[in-house]
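In the two complexes below, subunit A is the common chain; its partner is subunit B in one and subunit C in the other.
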Partner chain A sequence: MGHLFSRISPQTLRILALVFVLAAIIFFFSTQVPNYLNGRLFNRISSSVAIMALIATGQTLVILTRNIDLSIGSIVGFTAFATGSLISANPDMAAPLLVLYAMVVGAAFGAVNGILVAYVKIPAIIVTLATMALFRSALVEFSNAKSITSSELPLWLVNFPNTVLLKFGQFQLRAGFAAALVVVLLVHFALARFRPARRFYAVGSNPEAAEMAGINAKATVFAAFVFAGALAGLAGFMFLARFGNITVVAGLGFELKSVAAAVLGGVNIFGGSGTVIGAFIGAILVDLIDTSLVRWELVSEFSREAVLGALILVSVTADAVLMRRLIGLRANREKKLARAAINAQNRSPEVSTPKQAGETST
Partner chain B sequence: MEQPVLELRDISKNFGMTRALAHMSISLFPGEVHAVVGENGAGKSTMIKIMTGIYPPSSGALQVDGTTVTISGPHMAREKGIVAIYQEPMVFPDLDVAENIFISSTREGLIQNPARLRHKARQLLARVGISLDVERIASGLTLAEQQAVEIARALSQDVRVLIMDEPTASLSAHEAAQLRRIATKLAEDGVSVVYISHRLEEVFDIAHRVTVIRDGEHISTRPVSEVTSDGMISEMVGREFESLFEKSPSVARPEVILEVKDLAVDEIFSGVSFDLHYGEVLCMAGLVGARRTDIGLALFGIHPAGSGTVSFKGKPLVITSAAQAMKAGIAYVSEDRRKFGLAMPMPIRENITLATLGEFLSRWGLVKRKKEVEVAETFKKRLNIRTPDIEMAVGMLSGGNQQKVMLAKWLNMKPDLLIFDEPTRGVDVGAKAEVHDLIREFVAAGGAAIVISSDLPEVLAMGDRILVMREGRQMGILTHEEATQENIMALATGQTSTREVA
Partner chain C sequence: MKLFKTLCIASALMVSASGGAMAQAISLNGGEDVDMVLLPKFLGILVFDQANEGAQEAHAELNNPGELLFVGPTPENSVAGQIEIMTTSATQGQGAVMLSNNAGDQIVPSAKAAQAAGTKIVTWDSPIPSGEGEDVFVAQVDFGSIGEVMADMALSILGGEGQMAILSATPDAANQNAWIASLKEVLAADAKYSGIELVDTVYGDDQSEVSYNRALALVDKYPDLGLIMSPTTVGIQASSKAMQDEGLCDQVKVSGLGLPSEMLSYTLNGCAPEFALWDFRDLGYLTYYTAYGMATGQLSGEIGETFTAGRMGDYTIEEDPGRPGSKRILMGPFTVYTSENVEAAAN
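Right after this comes the complex of A and B.
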């Protein structure tokens, strides 16, 4: 066991723990909700995770640099609406162009955040709190308080998320989820191996050192916000495709869920560490709890938020406590090993040392 | 004559009305260790920042290999092979050692190959002469290891000028010696090493040439063979300087104020026993990791002792919290100004009254500003805190003056026992003497002091008795008459036991 601890990195351990929690939650609800555990659950969760995973990924990029993006839900809402009205006005538009449009609009919003945070040096929480409201108002203004309905959308778009790519019994791998998974894996690989992307970690870990090491910290933070915006734009596109009906409240509350997903997934809220895969599992966890609570009769609609909040708090607390323990355990082990090594080194020249302290005072 | 790698020609730098550097000229040659000495605020750090492109000079020229260049930032300085490492190393705590070394490298491809990175990191660390697990996360590294990582980072990009700013200030003697070896080795490899240190003995140990600067001006540059310690100090302070190392006579009285028996904190230190007299200064010497600070923290109730007895002013005392220690009359001045000592953005006045704010409250619980100002002004005069205004943020002061503010904060508590942890770390020679005088004044007025110091000359100058620690064990107590640098080090490194010394 001790051997295992010292081999596995804390990040991997955290992901294993998350998977364990995920299994525990599924088990719990399967005892509470009749007919819970089946393929339909997987299909339902995977459809909504397709959206949540993208914004959790975007949020992770920002949090890694020691910032936060609270405007992410408003960006999702705006791009969903903007993309929807573009396609309903030009029904023949090519799909890749539409996706690109959504991402560029999202990136533009991200750039506004990025400029204010990185270059004007206003704390991210203030900037994005303000832009959360501003982008939402922009949506209200832009939409003229009208809604988009799925009848205005071309069929390919509405059908896209539910297109079944692979099927194992009741379990369906749908296109929307598959697309999100590809994006998550791409970003994950980039963050792990792509050199410029490692700078997100460097800047979040020690901004001063990054500057001294010749890393352009401002540009890095700016880039994080732009990418987060683009991912939110992509999520907006998925949102449009999945729901078809877009109102001014589209994506409301996503900012908190994305932060929750990232933090649950082990992304350090103070920057510098965490993985996209972790955030992805965190997103699944948040969605799973959210969807399952709807079906749990014991919990009324009104206390659902409270239960979700409490679960997040409990899991993050447990995580923090356990991790601290674990790290302490490891440090002690290392210390013991080091001490043993020193003792072995010193044994020959000074056998009598432990006694001397007492002798001096007498 | 060889061509200098880097040359400053007649460089001046102004910040608003203040002139940080005035007509500074210095040439750095490949293969030399060039020591730069000067008091805090003499302009050393400004000079480094100009060399590394953090500040543009107000006037004058910078030459690399004989051609005038403009260095627009740290990134460009790195490209030219000019790298600075600081007392507080700049590592990324969340990244592993290998990545820390190569994070800003421009040579590695776009896609990182962890195995190759680790391999190259091991090679570089071997060149530095340190064995370190390159897969370890940097947050657990000691200061010395972090510096090694930074040096390896510099080597990864063909460093030509390596500027080391007070690199040994927080290192143990052994680690410091190792770092000096690295510096010497790099110079032998043809790197031009700029070595900035307050420890003059280090300068004599490794430097080829010594430049003294004062008040932003170049005073002298000489081969080290033509320099004497006294000469260097008098050039630094600009006046003849009475020797720091002279011990003033003890004013200890026979009555015991503090009696410590078998004090221990689990797994950290054990078997610490000593007594302290009124008017006495007890110095605690030892290498880093000797656990001296932990004794201070135990006596001050931050990490209460697990076993052992303490009797203070004749009564047994079990110290479990800092508030209780303060009430009993014990003050502890931390070695880490930034973390435990001062609220840097707050004004001097508020820092001085912070620990004793209760005394400044009016009947309604509001702070009496007028009384605060009076006390702060009194201390400003008494401790000679050099500042135009007590409302200035403490963070703006020099190290020595920050130290005095911290001391003022605790003196205002009117303690009977003052535990002073590394009182003069990062403090220039002039302020050092002033801090020493203040401690002597304090004990002469009837208090008792425990001074924890890694600076041996300081230990010898201050200590009426010297308690030597090693890895959590008390190695012995020497009287001032017995103590020499050699026998303190012998105890601290575990080469002798007390009996042989006595």
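Right after this comes the complex of A and C.
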């Protein structure tokens, strides 16, 4: 057990801790809410988290570089509306083109944020606070007080998110969730394995050192905002497909939910560490708590927000304490191992000294 | 009891007779110069834009050389934005502010300040709950009758018996809360509604995604739910879509207040067999006539005053039965939409 334990990376440990918290929350609500644990719950959460998963992924990229994107909800709203009006004007448009359009529009908004933050050097919280309002007002202008309704949209688009790909009894794997999952996994593995993507971590953990190491920190921050915009655009497309009815309030409040999901998922708000899978589980947690609270008799409509806030706080605390425990345990174990090694060394100095020298020279 | 009833009818007749005899409808003179502001809950919602169209129509008809501004807050800033625009209007010396209140009684101090600066405050769609800082409220329909219409739709959809839940907009919306209260009253008052059980009220914040998720949560929470009643155009649409997406339309129906153009497909496929609404263009038109009359001093705003509102005919200022001490003008009536008439109205 100990052997396996010390081989797991801290990131994986964090994800395991999150899964544990998730299981604990599901268990808690299953004792409180009748008819809770079933396939229907899985279908509800998976279909609704598909959109927030993409947004939280984008938010994670930005937070990794020590920034924040508060305009992401407005970008989702704008792209949902713009994509909707494009397809209702050209109903025969091909699906990949439409998705591309949504991502390009989102990326363009992201580029505005990126230029202001990376090159003009205005703090991200100020820039995106301003663009949150600006992009939302742009949507109000653009929409001309009309709204998009699902009857204007082609059937393939409306049917897409709820198409059942696989079925195990009541459990359904739906296309919307599957698509989001694929994107999340792609970004996760790119961040973990792909060399250029590691720059996000480098810039976030120490911008000066990254700069010294020859990384273009400005371009990296800019890229983070553009990718976040493109992912928000994709989320806008999914939003359009799922809800069909798009008004100017589309995506309102998503910025805070996505930050909550990322932080719950163990993404360090000061940049430099965290995983996309973690943020994804964070998004599931937020959605699960939110949905379950509506079904919980004990909580009235008016105290729900407060309970949601408290539960998020408890989850983050539980996660942090659990993490510290696990890391502490591991450090202790490593210390013991090191002590054992030193003891062994003292007993036979002539064997271990040359080996150590060899290690340092390589 | 019978005597009391007769007395009531007699006195009602007397009041209406004396009202008719005393005040001929005032016909408003056009051409007076007065700047006015039409202030919706927030921008970007179709019904408010329709109200603006109606107000612009009246503005042109009355040949007002002044300006009619259609300004509103952005959605995420509705309450603070409304208060700010109200305050600015007072300093600009606007003749009248026409307000669809989304700020509850929080708007009162700024509205009172505007009144003190000589600006008339005419509310429409959603009033100031306490009535303070408000000259008159132009009510789209009698708030009591909204409860009745919703109860009747519920009765016919549920076939007399079943569980119903309400999906409203925000917990602060004065109009929504008044309608829900009226629905509860009607349900409790008449024995024919005794089979309908109102199980819950939830709030979708007038956002598609929140409303959609709340509707599904209601279905999960109450396995025997038969009807979701949503007195808001965003909520009724999102609930209908949620029920359709999850294949629940046979089990759970949706009703409430909706726009025919947005509800067409759900009404035809049976997810939302009946819903109701009034004409927002007419509401904007009538509100403009009222505000213009008061801002130019042609109307005093006293109870019993009758005036002619252009193409819509005569209206009388009366006491608001839902808010004692406040004044209202009642527009009415309702249109109930079913598969028979929804197509014609949608186009």
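Following the convention adopted for this analysis, the second predicted complex is superposed on the first by the 310 of 362 C-alpha atoms of A that agree within 3 Å, B and C clash if a C-alpha of one lies under 4 Å from a C-alpha of the other, contacts with A are read in each partner's own complex, and residues count from 1 in each chain.
The working rule: a contact is a pair of C-beta atoms (placed from the backbone, for glycine too) under 8 Å apart; a residue touches a chain by one contact, two chains touch by 3 or more.
Fair warning: this is a prediction, and the values are worked out from it, not measured in the lab.
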I'd like to know which partner A:A213 touches here: subunit B for first, subunit C for second, both or neither. first
A:A250 contacts which: subunit B (first), subunit C (second), both, neither? second
Now for A:Y201: first (subunit B), second (subunit C), both, or neither, which partner does it touch? first
According to the stated criteria, A:T31 is in contact with first (subunit B), second (subunit C), both, or neither; which is it? neither
Given the touch rule stated above, what does A:L139 touch, subunit B (first), subunit C (second), both, or neither? second
For A:R193, select first, second, both or neither according to whether it touches subunit B, subunit C, the two together, or no partner. first
Applying the touch criterion given at the start, work out whether A:G272 contacts subunit B, subunit C, both or neither, answering first, second, both or neither. first
Shared contact residues on subunit A, subunit B side and subunit C side combined as an intersection? none
Per the touch rule above, subunit C residues touching subunit A in the complex are 42-46, 48-49, 74-77, 171, 201-203, 205-209, 212-214, 216-218, 220-221, 223, 234, 237-238, 241, 245-246, 261-262, 264-265
Quick check on the complex: what are the subunit B residues that touch subunit A? 73-75, 77-78, 84, 90-95, 99, 103-104, 108-112, 140, 153, 261-262, 270-274, 471, 473-477, 494, 497-499
Touching subunit C in the complex, subunit A uses residues 33, 35, 40-41, 44, 48, 51, 132-133, 136-137, 139-140, 143-147, 149-151, 162, 239, 242-253, 290-291, 294-295, 301-302
In the complex, subunit A touches subunit B at residues 192-196, 198-199, 201-202, 204-206, 208-216, 268, 272-273, 331, 342, 346, 349-350, 352-354, 356-361
